[in-house]
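You will see chain A twice below: alongside chain B first, and alongside chain C after that.
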Partner chain A sequence: MSKQKNGFLKIIDFFSERIPFYNLNFEHMVTEKEVPVHRMSWAYYTGGLTLLFFLIQLVTGVFLLFYYQPTVSDAHASVEYITFFVKSGFLIRNLHTWSSSCMILCLLVHLITSFAMKAFARPREITWISGAMLLMITFAFGFTGYLLPWHQIAVNATKVVLQSIEEAGHYLPGALAALPSYIKEIIQGEVSVGQATLSRFYALHVVILPLLFMGVIGLHLLMVQLHGMSKGVDEPAKKSEKFFPFFILKDFWLWGVVFLIVFILALCLPFESFYSYPLFEAYDALGSTPDGIKPEWYFYFVYYPLEILPFWVVMLGMTVAGAGIFFVPWIFKNTSRKVLSIIAWIMAAYLIVITLFGQLIYEMFKGPK
Partner chain B sequence: MFDQFLFVGLPYVAILSLVVGSVVRYKIRAFSYSSLSTQFLEDRWLAWASMPWHIGIIIILLGHILAFSVPGLWSALVSVPVFLFSVEALGVLAAVLSLLGLVILLIRRFVDARLQAVTSHLDVVVLLILIFQVSTGLAVALHHRWGAAWAPGALGPYIHSIFLLQPDASFVKEMPPFVKLHIASAWVLIMFFPFTRLVHALSVPLHYFVRSPQKVVWSSSRAQVRFEEKIQFDNEKRLFLKAAVGAGASAALLSLGVLDKFFRYFLKQDLTNAEESHILSQKLQRLKQSAAERELELERMNKDSIFVARLSELSSTRGKYFIDYQMRPALAFRDEGGLPILISAKCTHLGCTVGQDLDGQGRILCPCHISYFDIKTGQPSPGSPAKSPLPHLGWALKDEQGNLLMSQDPGGRREGAIGPSQTEKGLLFIVKRFS
Partner chain C sequence: MRLFVIIISAALIQVTTAFAHPEFQRYSKEVSGRSVNCAVCHRHSDGPEGLKPGQIGSLDQDELNALGLARQALKPGAGAQSPILNEFGNSILNQLGKEKISELKQRPELLAGSLSKTSDLDGDGIPDVEEFKDGTHPLNSLDGHPWKLFKNNLGKNWFDILMIVLATGSGLYGLQNMLLWLSLKAHREE
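Moving on to the complex of A and B:
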């Protein structure tokens, strides 16, 4: 064979390195798999925790389907019925809300630590990309699920987000300017947020997104097991432990503890107690929008900048970041772990500050609300 | 007469035998104070037999000692139902555990050749008595429920009377046969105690708990290596087993609690009549609300003009919400001249519904991102996130008979005029041709 490989062979080579099917056996994936032990080992548990929360969402979500009714006249009433009249209904619903937030939190930690540990490095690009897809799907879960209770904050927040999409049209040239409002209409299904929107979000939230998520997480986990754990730190690992049984036992132990905590939280503390009640009254199409309409906390990182900075700056930044996340394995191909961890710290600091102190910063710029 | 022998004569023979026998045996053959361990001869079965037996019997003995030594305290404790249930359940579990251990111990004595060489008749007798003893105890627990509650009162006085040398067996004589058998065989056990392997109960190596650990060293180095390898392997195995059992047990406990809660979710709801009617009326109200919205929509498709309010109902400081031809919210005010001001209430920033109350400067507020709009011009105040003005709506005023009195298009051009007398009676409409 000639030294110069043709394009087709290159593609074959590319994928056979990234998808090592020769590792597709029980020994490599389970009995012989080793997990490195070092100062960042805790980060290996974050992905598993995210999976745990997804499983909780799946189970409690299916439970909620038993009573929830996706129509504009019944949605709010059925959610209240679950909360106040169905036995343990408040628990199931609380678990679903608490665990949704926990899932996003774990996912973000998982994202940042994987980034800092350069877990995306060749040949693990597919793992990273599937992870980024899971991130997007999870945000879509959060966005669509938020509308379903059909209370004031849900519908109004959804309206604001959808309107922001349309707003982007002002910054696009020529024929493209109409695109965002076209997209908005596809999402919304009618002139304003109404039954069509609810039905669409419902279908997305309970059928399409879960199926997508399960497919992509399957790929993600398969990739993790095929490639084995990434080593995560620069210095060679002094120790390692067996994936089976030791790592997996610890993982399940952690699942048990975390589940217990979330279960108790859900039992004792309604997630909605963080907001004022009028936001949870049934949506009133004819009344004024109540004070304090905000997205969930995990959207603060884009919500507060939107409030403070010019619209186009934030939109551009978020589009670049959103697209860029898929290209991380190539952008940071030659970056050292040290630099990566500095970037990760900056990202984490931004997320923490804007999420915890977003309101304060907003008031600093715009005066008290 | 026989009862008198079993419950008064036998106890004293047994106690005498226990005290004298133990002391004499210790004096004469102190090193025979042992259970004569067979662990070296056979250790696989032993673990599954000896452990459950000892764990079970220690729990049971502790219960018996506690119940009969401090009956007052015990009775107070078992008067709490949860405690009673727990004690009974724990007792039965422990009994089953120890019975299981005993049976395996017995079988092992019969089937293992090496063991048979060292098994004495007394060993078998002791095992049989113990099996009998535990079985009768279990039978009492199952047939005459709540022994933990009734036994201290019914049997405590008898046991006390024996030790106070004022034997009174009248209570025991009236007991059901299982209880009598259990007590009698207990005395037999006590009588046999000093002559059997049971004496090891008196030589429990309690100092093992406090002494410093000892390391057993082998004399040959090869044996040492082999030994250490085995120990390491055993350790790993034990670690995994412990972890798995721990994980399994906690998972089971956790799921017990969780499933208990989850299961109820699927039960029928017990609603009172009041709750039921509350839910139904709420549902009905929401349905009516949806129906009303649909009607509004239909009305806007079919009618050329739509009634908003009587002019006299409008206020100059608090707007009245209504829905325009595009099904968007709008507000109706009244100006100083008594004429209507109709303005869109859909914020031009991100589409929230603007509030209905005027502030001191004649502005309405969008609460979502704090935009103020002047209702006369529709313009947002400087610095508001909204950049474009709220549009005004055209309107028409009619009298009661439906005659057009006056109209204004969205641009503000008016046709017709009304006098002050008519303003009070005027009816305000929005008009299709203006939208």
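Moving on to the complex of A and C:
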């Protein structure tokens, strides 16, 4: 009985330390909150930028909903209509596309810097886990949103990804081998990528994922405010600044500057101009498939290894990394910030190299594609 | 009978392939390094042969007549409107004529030099000949060399950019003053 009580008390202690509701007051969370000033202080702004891009996504996404038609017969035409005939439609759509990429970029930088700063250390485990969940949801946003314009690259790239899920079954034992096929069918909704798939991706992209994201980001922000900013560096900070109004003000000014940059990019540089035009023609199941079908750049870190290395090696690596990200606070509990920084640099270098030079590396191993 | 079928089939193949010029598409693809398909000049991205919209098999009688007229446009300036070509394809046909186009098939690199340097059918600020060499679509104002598009659009939209800079700056200035006032008020109340 006493052992049970002990266990129960331990759980209560665990959560009261991780969720300090006694800090849930205006003074602690706003007026008295201090932000340490040190060489890594810039990293505190990356989370706010991710939030800014999410807000841009939300607003532009709602505008796009006014005109978008989620049917295989009309989806592409409705996107063309938005782009060429709706007043400012091109700007809204391009802003949505640019800010989706920026959101993922900021989220990755935020994740890597938080890791290097050991911002996941006790008692901030829930902040880290909610952040990892936000990363997964954001990737799901990217994946589901990619299909919606129903053009060649969208449909063909989705087919490739779903095929990869099914392929994982070949490496699983016994009854488990059927599981990936089953998952693929659930996602796809029919024998091939079609109307059922588009409807599912649409529902996920515009309802389920935004609701999930808002819930998890609410938790994430609450945790950040309850615990305050993490220390970030080993040496004690010589200075700190008031969260309100100074840090918030700097955050807003940064938001303003970044918004202007993204607005100018969206107004002057169509995101699609980086790709060949045949990729954006309406998907035609009976027509020829254009060259250069690829997922979005933020999936290159898994796409190129899949093209170069044996499938099982990549799937195993990604599954371990994907699951491992949630256990970071316990795996790296006793690791110093110096070692974490080295690991963070290696992660960043891998992501940069594979994203920028993935095609070259592929051609080095497999010849021109 | 068999010979007749062979002759008819050969004639049909000749008719349907006579106006496809993949040499230009291949050249554009080579020099730009981008994926280019038949849609650069044709109405359908798979080219003129077939039954889909914009392909020979889908044409009605009026369109077949227009196609016949376009095929007779041997010299420049005939004003032909081939139903299997898009605006850029017809513009090439009318600027050069079929004879010259056939000649250029052997030297596709000379096509760009033979066309108007100023024509910009999609109005994106990049001349059609440059788009041909860049492997981008001359009829899609959102498709173009990224840097050239950015430069042109920046020049075109300078007023909108100025307005958004002013609006954002003013908004932030107001927000800053509001937050500072709130902070002062909170301190005074303490």
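In the analysis below, the second predicted complex is superposed on the first by the 364 of 369 C-alpha atoms of A that agree within 3 Å, B and C clash if a C-alpha of one lies under 4 Å from a C-alpha of the other, contacts with A are read in each partner's own complex, and residues count from 1 in each chain.
In the analysis below, a residue touches a chain if its C-beta (ideal position, glycine included) is under 8 Å from a C-beta of that chain, and two chains touch if they have at least 3 such contacts.
All values reported here derive from a predicted model rather than from experimental measurement.
Undergrad: Between chain B and chain C, positioned on chain A by superposition, is the outcome a clash or a fit?
TA: clash
Undergrad: With both complexes overlaid on chain A, does A:Pro20 touch chain B (first), chain C (second), both or neither?
TA: In the superposition, A:Pro20 touches no partner, neither chain B nor chain C.
Undergrad: Quick one: is A:Asp291 in contact with chain B, with chain C, with both, or with neither? Answer first, second, both or neither.
TA: Both chain B and chain C are touched by A:Asp291.
Undergrad: So, A:Gly322: does it touch chain B (first), chain C (second), both, or neither?
TA: Neither: A:Gly322 stays clear of chain B and chain C.
Undergrad: Return first, second, both or neither, reflecting whether A:Phe90 touches chain B, chain C, both chains, or no partner chain.
TA: After superposition on chain A, A:Phe90 lies in contact with chain C alone.
Undergrad: Kindly classify A:Gln163 by the partners it touches after superposition: chain B alone (first), chain C alone (second), both, or neither?
TA: A:Gln163 contacts chain B only, not chain C.
Undergrad: Touch check for A:Gly189: first (chain B), second (chain C), both, or neither?
TA: A:Gly189 contacts neither chain B nor chain C.
Undergrad: What's your read, chain B or chain C touching more residues of chain A?
TA: B
Undergrad: Have a look at where A:Glu281 lands relative to chain B and chain C in the superposition and call it first, second, both or neither.
TA: A:Glu281 contacts chain C only, not chain B.
Undergrad: Just checking: does A:Pro123 make contact with chain B only, chain C only, both, or neither of them? Give me first, second, both or neither.
TA: Neither: A:Pro123 stays clear of chain B and chain C.
Undergrad: Is A:Tyr81 in contact with chain B, with chain C, with both, or with neither (first, second, both, neither)?
TA: first
Undergrad: Of the listed segments of chain B (243-251, 261-269, 369-377 or 405-413), which one clashes with chain C in the superposed model?
TA: None of the options clash except 243-251.
Undergrad: Output the chain A positions appearing in both contact lists, the one against chain B and the one against chain C.
TA: 245, 249, 252-253, 256, 259-260, 263, 267, 287-288, 290-292
Undergrad: What residues of chain A sit close enough to touch chain C in their complex?
TA: 31, 83, 90, 242, 244-245, 248-249, 252-253, 256, 259-260, 263-264, 267-270, 272-274, 276-281, 287-288, 290-292
Undergrad: Considering only the defined contacts, which chain C positions touch chain A in the complex?
TA: Residue positions touching the partner: 34-37, 39, 45-46, 52, 135-137, 140, 142-146, 149-150, 153-154, 157, 160-161, 164-165, 168-169, 171-172, 175-176, 179-180, 182-183, 186.
Undergrad: Under the touch definition given earlier, write down the residues of chain B that touch chain A in their complex.
TA: 240, 243-244, 247, 250-251, 254, 258, 261-262, 264-267, 269, 271, 275, 279, 282-283, 286-287, 289-290, 293, 321, 323, 326-329, 345, 349-356, 366-370, 385
Undergrad: Taking the touch rule as given, give the residues of chain A at its contact with chain B in the complex, in rising order.
TA: Against chain B, the touching part of chain A is residues 63, 66, 72-74, 76-77, 80-81, 85-89, 91-92, 156, 159-160, 162-164, 167, 191-192, 245-246, 249, 252-253, 256, 259-260, 263, 267, 282, 285-293, 307, 366, 369.
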